[in-house]
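Below are two complexes that have subunit A in common, paired first with subunit B and then with subunit C.
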Partner chain A sequence: MEVSHSVKERTIAENSLVILLQGLRDHVTTVELRDESTASGRVTNVDAFMNVRLAEVTFTDRQGTVCHLDELFVTGRNVRYVHIPDDVDIRATIEQQLQAIHRVRYFGGRDKGRKEFPRAKH
Partner chain B sequence: SAFQQQTTNTVEEPLDLIRLSLDERIYVKMRNDRELRGRLHAYDQHLNMILGDVEETVTTIEIDEETYEEIYKSTKRNIPMLFVRGDGVVLVAPPLRVG
Partner chain C sequence: RGAPAADPERIQRLRSLMVNAGPEQAAAEGGAARRRRAPRNVLTRMPLHEGSPLGELHRCVRDGVKINVHIRTFKGLRGVCTGFLVAFDKFWNMALTDVDETYRKPVLGKAFYVEPQLTLTRLFDRLKLQESSVKKGADSKTVSEELVPTNDSQTLGWKAGSGRGRAEDERERQKRLSRAGEKKMPGDSLHVATRGEADVGSGTAHTEGASAGGTQARSQSRRKKRPKVDYQQVFTRHINQIFIRGENVLLVHLAH
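Our next item is the complex of A and B:
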């Protein structure tokens, strides 16, 4: 399970619902944009700012014109809705994403490595 | 740890009022003349929300060319499970009772 390499992004994701969208990686779904256009495709990445990358996309613009795109990047600000596929268990997906972040955060064990939240020294 | 969120039973801030509506049906007014009615499954501090069994109503106003009166038209559609980005949300309330 892939997790962002950035501490800042992991923290933002862990504390908001974007973490659910990150768990939609490899699912096919529809993203509705602010400008009323829609993009249906396979989610390849969602970052902490809700920027979405899709592959094999059917893009329907505001006027209704349909086109097919190999890849599409949507800025987080431009997302209005994301349809959640029926086969996604929301609670389980969020828990799996949080566990992936914890595996990365606590890698190496208690006394090894650089700590994300250092304990205060006496 | 700094990241353990407290769950309290008292209402301390406006977001707590939304917490009271978890798993209930709610009404959400959104920007661009949209309204949502659905079951609130999750929300966060940005008001990003996950709504189940949603009905979206989009209202448009057309002006009659002859009489210049305003005609309100609304389009509805249903979506089984929807993630809503918080910056589009204007208000959250219990479902409005009609009639």
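Our next item is the complex of A and C:
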């Protein structure tokens, strides 16, 4: 379960539904873009801004021209839909991703390591 | 960094209580400090919007209310997704299940300027028309058009009367007919549709009947001189699970 290395991205993802998309890593899905083109392939990575990286992609552009690409990067803003495979349980995926973030955040135990949310000293 | 947020209040509370029961209060609070940080994540944020429109969305998640999400194209309505909401967030990103989407590809180019605004009524009228054309045995590649001058009055009140939209949709779907792709783009008062540009394929494969029904055509039918690709074709499809990015959502309509 690869969580982003950036604290900022982690919190953004944690508080939005992008985390569901991040849970789709290594699933084969279809991403429909804003301009009516579609990209079907395996999701390599989704970041907090919904930028999607796909591999082994069948890209149908808005005119209908189909082409095959090894890798495709879609800017988050250009995403309209992401089809979620039937075998993915939405709730469970979100919870798994949240747990992964939780593990990363509290890594090293209570009193060790750099803390994401330092406890106030009073 | 949200942890320090509650602490000033806490310190004040402690100070005010110090005369009476300072020590044990401090101990109790110290124990609670670790648990105080209630997890704040997308799932816990969903119920927090009570009283606001997003709170209504949460009600849909909780009660399994079927919703119709209107999707936007760069200008105007693209179509409707109807389904059950599983999760949402403050950006109106939504995860839907058991989705039926009815949509039309956007019209581009010259026709764009003469296109009347696409409304839900027109969308479903168009769909209805298509289904009836297919049923009549017309060749699926050359859909026979039933062109009729736009009856604007029927759709004028669409945006305003969105309250009536839900029940009306179904009724209109069942009984109304015969509008050839009159679609209005909001914000422009442009009228009367015609052919679109050549950049939208006529994927007829996707068309299927969303609602069967009688076909009383109120309009004259006019056969095209040459088989023309229909750019105003309405598509419907079923998707089991879909994620919609919030910025594409026009409005969300709850079905009772």
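We take it that the second predicted complex is superposed on the first by the 122 of 122 C-alpha atoms of A that agree within 3 Å, B and C clash if a C-alpha of one lies under 4 Å from a C-alpha of the other, contacts with A are read in each partner's own complex, and residues count from 1 in each chain.
In this text, contacts are C-beta pairs under 8 Å (C-beta built on N, C-alpha and C of every residue); 3 or more make two chains touch, one makes a residue touch a chain.
Remember, it's a predicted structure, so these values are computed and weren't measured experimentally.
Once the two complexes are laid over each other on the shared chain, residue contacts for A:120 go to subunit C alone; subunit B is not touched. In the superposition on chain A, A:80 contacts both subunit B and subunit C. In the superposed model, A:95 makes contact with subunit C only, not with subunit B. By the touch criterion defined above, A:50 reaches both subunit B and subunit C. Touched residues of subunit A, counted separately for subunit B and subunit C, are more numerous for C. Shared contact residues of subunit A, touching subunit B in one structure and subunit C in the other: 14-18, 20-21, 34, 50, 76-77, 79-86, 88, 90, 117.
Taken together, the subunit C residues at the contact with subunit A in this complex read 1-4, 7, 10-11, 33-34, 37, 39-43, 45, 71, 74, 86-91, 93-95, 97, 105-106, 199-201, 203, 239-245, 247-248.
Residues 1-3, 41-46, 48-50, 79-85, 87-88 of subunit B are the ones touching subunit A in the complex. The residues of subunit A lying in touch with subunit B in their complex are 11, 14-18, 20-21, 34, 50, 76-77, 79-86, 88, 90, 117. Across the complex, subunit A meets subunit C through its residues 14-21, 34, 36, 50, 62-64, 76-77, 79-86, 88, 90-91, 94-95, 98, 101-102, 110, 117-120, 122.
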